[in-house]
Structure formats: structure tokens, C-alpha cells
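You will see chain A twice below: alongside chain B first, and alongside chain C after that.
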Partner chain A sequence: MRYIPSTEEQQKEMLKGIGVSSFEELITSIPEEVRLKRRLKLPPALSEQELEEEIAHIAQKNADFYSIKPLVGAGAYRHFIPEAERALLQREEFWTCYTPYQPELSQGTLQAIFEFQSHISRLTKMEVVVPSIFDGASATAEAALMALRLTHKDKIIISSLLHPHYQEVLKTYLEPHNITIVKLPFQNGLTSVDMTRQFLDDNTAAVLIQSPNFWGGIENIPGIAEITHNHKALLIQVIVEAMSLGILKSPGNMNVDIVAGSTQSFGLDLNFGGPYNAFLATKREYIRQLPGRIVGETRDKEGKRCFVMTFRAREQDIRREKATSNMCTNHNLNVIAADMYLSLLGTQGLYQYSLLNFKKAHFLKEKLLNSGKFSKSFSYPYYNEFLINYHGDIKSLQERLIENNFLPPLLVTQFYPEEQFKQSLLFAVTEIFSRAELNYITDLLSQ
Partner chain B sequence: MSNKVIEGLFYSKSDEWLKVEDDLGTIGITDYAQDQLGDIVYVEEIKQGTKLKKGEVITTIESVKAVSEVYSPISGEIIEVNQNIINEPSQINKDPYGKGWFAKVKISNPEEIKELMSASDYAEYRKE
Partner chain C sequence: MKLIFEKSIPGRIGFSLPQDLFEDVRWEDSIPKEYLEHDKKPLTEVSEIDVIRHFTKLSKYNYGVDDGLYPLGSCTMKYNPRINEKMSNLANFVYAHPLSPPAMVQGSLEIMYRLNEMLCEITGMEQYTMAPASGAHGELTGILVMRKYFIDLGEKRNKVLIPDSAHGTNPASAAMGGFNVVEIKSNENGTVDLESLSQAMDDHTVGLMLTNPNTVGLYDEGIINIEKIVHSKGGLLYYDGANLNASLGIIRPGDTGFDVVHLNLHKTFSTPHGGGGPGSGVIGVKNKLIPYLPTPVVAFDESSNSYYFKDVGEKSIGMVRSFWGNFSVLVKTLAWILSLGPDGLLQCSQASIINANYVLAKLKQYYRPAYDRYCGHECTLTGREYKKYGIKTLDIAKRLMDYGLHPPTIYFPHFEPYAEETIMIEPPESEGKEVLDDFIKIMINIAQEAKEKPEILTSAPHRTPISRADDVLAVKRPILTYDDELKLKDELGYQEKDIKF
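Coming up: the complex of A and B.
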């Protein structure tokens, strides 16, 4: 960020331009009691060289996910990123946050988005894909709004195993809409299908299920789809760990109506929690109620293949307050990263990576259970995350892991305060862990 | 600019027309409206049996340029829907006062007809 100083004279000129006589007058709306009435307590100024050394020294205190391997996921997953992707992403042609509305200037970008849509469409087996939504949580909220528009009903049923942060964002989005949100309880690590059946009625617009859920559990989506559709409600599947799409049954094959998914796992670093990217995928019959727009393939006047933005007519710049969404952030560079990542891995590559995640998580869980220091929280099918109970001092477990450069698993009590989860840990295991490391971790935690 | 009007119909400020036969009203959009919108590519499903107040949205229509609402010029219940415009929206462009009609309503408050414009008033209203 650039520091732009101003002289006293320039300040006077600006104040005059605004129409106030002094700086004090400019800030009269800020209450007296919150104003700082002394100068900032800053150390003496440093030379550039001194400053660089000091900042470098402070920066060394940071841990990054390459020096410390995370055993925690819970919405953000460290996966291997091929160097080819990193190198290609450095091409400055891709470096724009602008939505490529002018096809005559943006064929490369548009083609990349089209490819991303095609990848996601193949993975989810859904007909239409909106690329480049801010993140998984806002895509989830957009999916709920879309279901409300499609059904003209006013009740949304959500799984309590939807990521707690996603639940917060959803609540915020739905607050002005006067919508009833009903939360489904869980049973043995999964959303209760029986309770879903009980909660469903003809006022229900949508049932919203994350699978794999917050605890990694693979939900009974086909079962929930059937009872949801009996009430003419829509089933929304939220996918937080996109890597799971490599081996799990596709939403489109389970009769899901709308899929909202984060693509952080496809070639994005953890980036301190963002920027990430997300998609929304649905059936062709719902295309008019999509938020945002899609990229389509067409022919130019010479008959050559080209790409354009389409289904733009309900975007906010055209429809204003009647727009289907006020979404405008375009995480295009992250879309391109995901496109490159998926293209580099290919169908077989993604399948193998996805399977590795599954196998390694199951390997670690078995080892931990065999150590005698852990016991099952639930017996449930899971992907690359699992909840497990630890019979020991959690603080000492965390310290041992950190000393050995592993980021400890998540304590779920902050989100699920129930007594039964006091000793529960949520582990995430991706392909970045070798078998030897997983054995080492087991030994470390069996002491 | 195209702005054909038909004598005997009633017109709204939001460019819908209403044909009245006893308590039966037929609703469509005017030639001016279809011309301004350009090629209409999509009409959202209109639900039979819906009770509308004057000024409420019957449906939304999408042209290559924009999406717009169609408002009911009169209060009443929708008793018939023109499925032809939903299957083939270009009918609205080709024949706005004929094959391009939207819905028939059972008029619940005939007093409201007085608030609408005559053909000549509407022609004047939309004169450039």
C-alpha cells in the first residue's frame, strides 16, 4: 500500500473543497469518547535497512503450512499443488479481478472459465455451473436464495453438520427475507434422515446438507433426496472438501437439485483463510434463477469457436433491486488456478489423489484406535476427516504435535459444546502425509 | 419506434393492455412494449388460479436485452394461461394484441377499468 503524505496547504485545500473549515469540523460525527486524544505511541523512525531486518525477524515467528503440516481441515485443506500451476499462474495476462464482460478482449480468460465450468460439470454431473462465487459459504447462501425463488416457499431445513461458519453466513443472508430456518439434529455422525422426514412439510423450500459433512461423514444423500422431493422441496448439497468429488458419488447421480461447493482444494493454498473460490451447479431447468452469470461457447461472425458471458439479464447492473443476486466479486484467478489444477491432474490423477485422501485418513484412524489411547466417536462412513475421542490430556497432545511441526486437530467444543464432545478431536488427513509420518504421529500420540 | 394501438382495449402506464368481455379480462403487453424489449426469449410460468391485485406481477419476461415484469392492469383471478407464448415467446413480438396474449382473468373489481387509458390516450402517452 502506498503512503501518500499531504502538506498543510493541501489539507486546507481539501477541507475547503469539502466545505468545512477545519479537520475537527470534518469529524464531528465521531463521538468524543471514541477519539484518541494523544499521538500514536510509535517507536522512533527506522531506516529502510533497519526496518527490513526488524520485519523479517517478526515474520520468522509465523508458521506456514509448509513448515508445519496441518492435521486440521474443517473447511480449509492443504493439498499438494503442482509447480506447473504455480508457474503458469504467474502469467500477468491472468492477473485481473475484472469480470471479462468484453469477449473481444478476453477470449483466453473466458475459455479458462468455460473449462472450469466443464470440469465442475463433469465432476458433479450437473448440467449448469456458475463459476467464481466468493467462497463456499456465500455459494451456500446463494443456493438457498435460489431455492426460495424457485419454490416461492419460506422454510429452509439445514443440517446441524453444515460447517458452523457456513451456517452463520446463511443466517446473515436470509435474515431480511423473513425465512424460517430449521436445524436438523445429527445421529451417529450423520444428519438424521428420520428427523428430516419429520421436519419436512409442504412449506419447505429446501433441505440443505453438507456431504462430506463437518465431521467428514458421508451423508445418505439419495435417501434425503427422495423424501425431500416428496414435498416438492429442493435438495441442496454443500461440498466443502471438493477433493471428495474424485471418488464419491456425484450429486447429479443422487438427484441433488443444487450444489454449492468450495474449490479451495483445487490448487489453492490456504492463504490465511481466503481468497478462495466457489461454484454453484444445478439442473438446466433452473437456469433462469441462477445467481450471477455463466460463460457459454458460441461462434463469431466468421464461424469460429469463441466464448461469451451469457445469462446476464438478471445481474445487478441490469436488474438492479430485482437482480437474482448482488454477487459481484469475481475470483477469476482462483478459477483459473482450479482449471489448471484439474487439467494437470486429469481424470485418473484426481481419482487417485482423492482415493489417497480417503485411504490415509482411514489408515490414521485405525492406527489411533489400535493405540488404545483413542476411541470411536461414531461408527460412520467418512472421507478424509474423522471425529475421534482422546483419552488423555488434550493440551499435552497439542503441545507434542506442535513441537514436532504438526498443527493439531480441531477441538470441536467451540462449535458443539455438548458434554459428549469434550474429548473429541476432528482430524483431517490429506495426501500430503506419508505413511511414515502417519506412523510417527501415531507413536507421538500413543505415549 | 413501433406503437400500434387497438381501439376498444384499455391500457396501463406500464404498457399492458386489457380487453374486457363482461367480467372476463384478457391481458397482454402493447406493441410499444414488445418493440422496446426486443426479441423475447423467455416467459416465466404463469400459474392458473393465482389471485392478483391490480399492479401485481403476473410474470417476468426475458428479452435478449433485459428481464422485465408484466403487471396486472386489473384485480382478479387467472383462469386461463396462454401456453403458446411460454412455448414460443416470439409470438409476443409477432402479434402482441392477438396470439401474444398472456392470461385471462375473472375481473373482481370492474371499477378499476376506469383508471386505465383509452387507445388514443395511450398513443398520446407513448408518443415520442
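Coming up: the complex of A and C.
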């Protein structure tokens, strides 16, 4: 086997060196009766060439997704990824290494994480950034747990326009802890601020609002922050489409206490749903309640600036059951990917890309409305996703789009079964669509 | 070295824009002004070559498996085959949106379906969920599944038993699942003390979380009795798969009575660690626990001859992450299993066990083992003999770097009286004999140095991009972003040589 270098001869020498005559002598502590006494029932080993053909054959059973541009986002957005990032990520030193427990051999990883924290801090205007939780959903759940630890209260209020998967995951994580979860209704495509005021009380640990929300709507975060803080509760802003951070007001400038943000849009492929990454960003005063790893700057013995994992006393390998979280392996390589992506885009690029997403989504929505086949679901400010009602047969719309190499928008009834949404479609439009394509889509859907 | 921010020069760009910027869209009218940031957010201004050189240099300040031996115990730092990377990067997989209609993602679903079948066979379990993103995430998922099972039975069980040698994630995951943790002491053989286990195991106990071989690298010879003790009280046995690399084709957790198993695909199954992830911590369960798994799982419909996502049902614990799993990691795992086949998997565990015992045999007279017996795929030595020379295990680890190697895991596991100043070495099957011989020689050299010139250890490493980093300072004077540093600019007073190297 090409992945196992020692030859049979060498293994014999090693056994001799150990002082045994057979491999069996090494595993006598495994009781005979529980050993596997047969060969595993698996297909025989494939050569590399056979393997390549086999997996390529399976991949062929998928659609040709490279050529199919998605009009669906809903938590997973196709953005363009610069080749410089893809090429740099091929450097084995970034991906064949372990968690940077030994800083002297891990400055590459550690500095890239520190840079990512710095980037996110500037984008969110928050002081402290946990670079890596698995995804936006688990980060949202970790943010809620953190708020519960900070406030010692037992009620969480969430927007019904929080991504439905995120709602599910939050429920799963909080289930063992006797926490009341109250769901805020929506009003005209946004979370109802009036109802937020009504539901808030002094037992409320946190209010969780996604903005832009599941329907792309930009929420009145400053307004919700004010009433949340009146009850000494914390406001958690969830960001699923990080591209929005390029132009939208930073959470830190809207009095948000904790941000849980997916960074899938920062240089990560769709990959059928994972692996993605998410950050938590918050105020410095909450640092000891943060879950997961964080990197800090320090000096080495000669005074050189260097980077280490820090505030480790919160973590599971030290605190065990008293740790702030069980997080160990996270999605670090995707942090490095995002650092590369943000470095390439920089100040100007992120702004321009972010704005283009906004403009293209608004361009398409306007066109669809003008076609006469669609009508507004709501009048609301939105970013690069919008909900719209279609007057024709949805199945045929989906077929027409797929035939023309577009992945159809999301039919929201799978998450919001209310009668009013029977004809509602959630479109996502990113920078990858050209004007010609958006015109073509409009023509297709106007027939 | 310099941060990307310090390389920024106003006016430089590293991106390209399409010609059509949709300047005819009157976007300002569509959004209240107060929702927009007034100025552009300051990131960096660098060109593409600046970014390429920056990260290329950063990469050179790292050490990966491709650079040499990486013998971290309980981490299974084995070779990450290139072909697996290529397979997971096929465009049809990479660009697949998770909410695509099932008919368009039959290939992706087949990967998940076939992987489930193979993992079930390898571990003796009956159904896997591909959802968990890491080992600890798998533990939490498993704990929640066990919790839901007992709620469904109407039983009130509030504690989880965990050996003192367990990974820190075990107790942390149990606590996140709302349980109290009861620690079970190890006996003089380094394995679970059956008497303590019997005393602690009652009908208010969910069960036991166990790694086998355990975190000192020892197979628990009492496994049959452990199973009886836990199951006789109606409890469940949880298998932490961190150390499965010692078991492929030899012993299956399912056959030893484990009810829940998590696998670290980034350990045993060769997918890369990525400097701390992404990996995958899929969990497998026995039939009685399938109804509680996270939803959905991939199933096959005979009548339409197609794969689909099946809702697990109302007893499911719900979702533990958005979408379905760390898909690209699953492709690599399947590719690895297909490359090895049943015989290759067995050889893999055999080779790793021989490797670890070889290192143990050659080094035990220099670094007293925590337990003097044959080990599984990793061995636990200690540096305690060198305390009298003023040498800590940390110094030994740092000195190894001067010889161009990554150190083993140190100070884990840690429990008195056996396991202190521990050096846990895991030389996976992808390390050949001559690599181990070099390592052994170097470790013996270091043992000599510890006695003769200890200062060369205490001042190590000498040949790395930085010398020892001040962890205490990092906490005392927290600098967590570049802006934090800028605020302290005068106090820090960095010279050019301090940041440019």
C-alpha cells in the first residue's frame, strides 16, 4: 500500500526490536471474543487511476454545477473566488498542520488568524473576535449560550426571520438547559419591533436578530438595540450574508453586543453545505465568556512580535466540564481562506463587491416587477436577497430556469407554510450575474 | 513578520471588477441612509503579488505533515493523500448548492450514502449521521441523542461517567448536554478501574464515554466487563473515536457493545487537519438510537432508484448545524477507504501499532513510560527523570524543533501519579522505519543533552522563526487585533527587526 512505507521486512525488524515474534503479541490485551475474526466487507482496494474514475463517475451524477448559476442563497452564496486565494490555499503548510499549539512552528497559521480577527473587527466595529465556530448556525447557538452565561437569565427571544436551520440548531443546543425561547413574528418582511418590545422582560437574556434577515430584509437594529438594552438584555446580531458588511452599517455602530457571522461568502465554495465558517465578535469586557479559540499578539524571548493562542483558561482541554464550550477542532483553514480573500479585495474591493450585490439584486427585482408576472411580497429595505410573489405556475418556472442553467430561487413554503407564501420565491443575486443574464432571466420568467 | 495591514499602500488593489457596475441603478433610494456605513471600512490596499508573497512567506513559518514527522499523540497526523484533495475539488461537488433539488445532487447524496454503509461496516454500527463538524461536535450530538433516548424511555438520568484520562472535550460536551460529570479513576494498568465504575454506575447514570485504546494508548482489557457493568444498569456506552487508528479490521466498537461512536475523519481517515479544521466528527449509532439522530439522513428509494434526504422523525434531536455535513471531508474519506480496501485498513492499524511499540521499546529506558506494557497506536512516555536537571517536558518538546521535527503531544493526559510530565507519541502508519529511527536517535540525544547541558534545552528552540513566545504577556496585555496594537504603538516601541523577519 503506497501510503504505508515500512516494508514487511522492516516491520519484522521492528517487531524484533520490540522483542516480540509476531504482531499478535502486541495486542493480547484485546479479549479474543470481541475481536473481528473476519475480513471487513468492503470493496477491494482501487488503484489511484481506478479511484479517480470511480469518484469522477459519482460526481457525474450531479448536475454540471459550475455552469449553473444559483438564484438561491438562503445561507449559502456563490461568489467569485480569486485564483490567488485558491492557489495559496494549496500550500501544504497551511492544511497538513495541526492546531497551532506550538507557536514556534505555527506562526503562519497564527498570524493569519490574527489578521482575520483584525479584518472582522474593522468590518463589525467590535473589539474582540473569535475567528472560528463551525458555521453560522452553531455560532448563533454559542452566542446564545454566551449571553445566558453573562446575564444569568433564562429567556431568549428570536426573530422568526432567523435562518430556519439556525433556529433549529439553537433549539437543539438550548434544549438541555431549561431555556424559554420566544419567537418574534414578522411584519412586512421584517421583525416586528412592537412585538419585540412586548416580549422583552427582565428575564430576557438576549434578543437574536438576523440582518439582513432570511428574506434579505435589513432590520432596524438600532431600534431593537435600544429597547433590548432597556431590559438589560443583550442584542445578538446574526449575519448570514457577510458580503453585506461591505456597505451596511457595522453592528458595533448600532449598539449590538454580540455578532455571530457566517463567513461562507468570504472565499468559500458552496460545497453542498460545508465546511463553512463563522465568527463571534463582541466587546472586550466579555472576553472570559467567549467560546472557542482566539489568537493574541505577544513577544518572543528576543522581543520579536509573535502570535499565540490566548485566554486559553476558558477552553475544554484546561477547564474540562467547566469550559465555556466544548469547541476544539474548528474550521481554521477557512479562516485563513477568508484572510486571503479579504486581503485581496481590501478596502475598495469589498465595498465595490458588496455594492454590486446590492445593485444587481435591486435591478432584477425591479425588472421582475415590471414584467407583470410578479408582485411585491413586501416593501422593505433588503440587501441581495428578496421575497417576491409569482403569478404563474411555479413548477414550470423552476423547469425553465434549470433548462437554462440557473438554479431556481427558494420556494419558501418549505420553511414558512403560511398560505400567503404559497407563491413566494426567495431570490438571491450576487455579483456573478451579468446584466445580460439578469435580462435573460427576466425574459424567461415573463413568458 | 509584517502584517498584511503594514504592507498596505493607498491606491493599490488586488481585485478586478466587471466593466458594468450597474451605475444606472439608483440604489441610494432603496435604503435608509442610516443603515449604511458612512465611509468605506478600512481593510488593506495591496496588489495580488503582495498577497501571494505575504501568504507564501506565512506558510513557510508553519510546519505540516509534508515537512516531516508530526507525532502528536491522539491526533493521528498521517499523510493526507493528494488524490483525495483532487476528488473533493471536482467542480460538480464544489459548486453544488446545498438547497439544490435532489435530482441534481444524486452524486453528492451517493457519496454520503455509500460512506454511511462503509463506516457502519468498519465500526459495527447501524446508522451514521454526517452532520457533526468535529469530534467535539460529534460528542455533543451523541450526548444529545443519548439524552433524548432516556427522556423517551421516561427515565431520569442526570450524569455521565468519564475516565480521568479522557480528552477534555468529553466532560465539556457532557456539560453542554446538561449532564453532571463523574470522573472515574484509572487503575495501575492505566485502564478503567472496574470497581470504581461499578460503584458509580447506577440507574441515574446515562453511561460511560470511553476512548479505546484510551488516551494513554492502551487497549482496555476490561472492555467486556465495562460493557456488562454499564448495560446492566440500562446505561449506554459512548465511543470516542479519536484513537480508532489502532482498531481498523482488528476490533469494532459496535462489537464491544458501544451504542454511539464518533469518528474523527480528520484523524483515522486521512483528511487534513487544516491547522485546526475543518474536519468531521460523524457519529454512528445502534438501531435503537436511530430515531434520535439529527435530521436528515440520506436514504435510497428503490421505486425511483434515487437517493433523497429522509426526515429522521419527531424523536430526532433536531439539527446540529446548518445543511448536511462537511461534505468535502466526506468525499476525501470515501476516497481513502476505497484506496485502502479491507486489507489496507487492517495493515494501516497494524503498521501504526508496530510503529508506536517500536518507539516505546527504543525510548523507554530514556523516558520512563507512564505504563510499562505494550501500547496501541500511541505510547505515553514521561520526562519526569529530567526534572532533577531542571528540565521540563516542555523543554524537551522545544528542543525537538531544533532537530527539524514537530514535538509529540505534551502534558496530556495528565493525572497523578502515573501520567505527569507526559510525552504522548503517535507515529501513524505513514511513517517508515527510518523516520522513526531518526526520531529515536534525536530523542536519545536530547536525553543526553538534558543531563549534560540542560541550558540548551531550556533556551530551545533556536532554529525556528521565533523563539519561545510569552504566553503570560499575551493575557496580561491583550492585543487581539491590529487596531489594539496601533493603540499601544508607543508603549510597544517595536523596532524594524522585531516585526520584519
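Methods note: the second predicted complex is superposed on the first by the 385 of 447 C-alpha atoms of A that agree within 3 Å, B and C clash if a C-alpha of one lies under 4 Å from a C-alpha of the other, contacts with A are read in each partner's own complex, and residues count from 1 in each chain.
Heads up, the rule we're going with is that a contact is a pair of C-beta atoms (placed from the backbone, for glycine too) under 8 Å apart; a residue touches a chain by one contact, two chains touch by 3 or more.
Computed from a predicted structure; not experimentally measured.
Asks: With both complexes overlaid on chain A, does A:379 touch chain B (first), chain C (second), both or neither?
Replies: In the superposition, A:379 touches no partner, neither chain B nor chain C.
Asks: Is A:420 touching anything from chain B or chain C once the two structures are fitted on A? First, second, both or neither.
Replies: Touch partners of A:420: none, neither chain B nor chain C.
Asks: Is chain A touched at more residues by chain B or by chain C?
Replies: C
Asks: Contacts for A:288 in the overlay, against chain B (first) and chain C (second): which applies, first, second, both or neither?
Replies: first
Asks: Regarding the shared-chain residue A:318, is it in contact with chain B (first), chain C (second), both, or neither?
Replies: Touch status of A:318: both partners.
Asks: Per the definitions at the top, what is the overlap between the chain A residues touching chain B and those touching chain C?
Replies: Shared contact residues on chain A: 318-319, 322.
Asks: With touch defined as at the start, can you tell me which chain B residues reach chain A in the complex?
Replies: 42, 44, 62-67, 69
Asks: Note which residues of chain A are touching chain B in the complex, please.
Replies: Listed in rising order, the residues of chain A that touch chain B are 288, 313-314, 318-319, 322.
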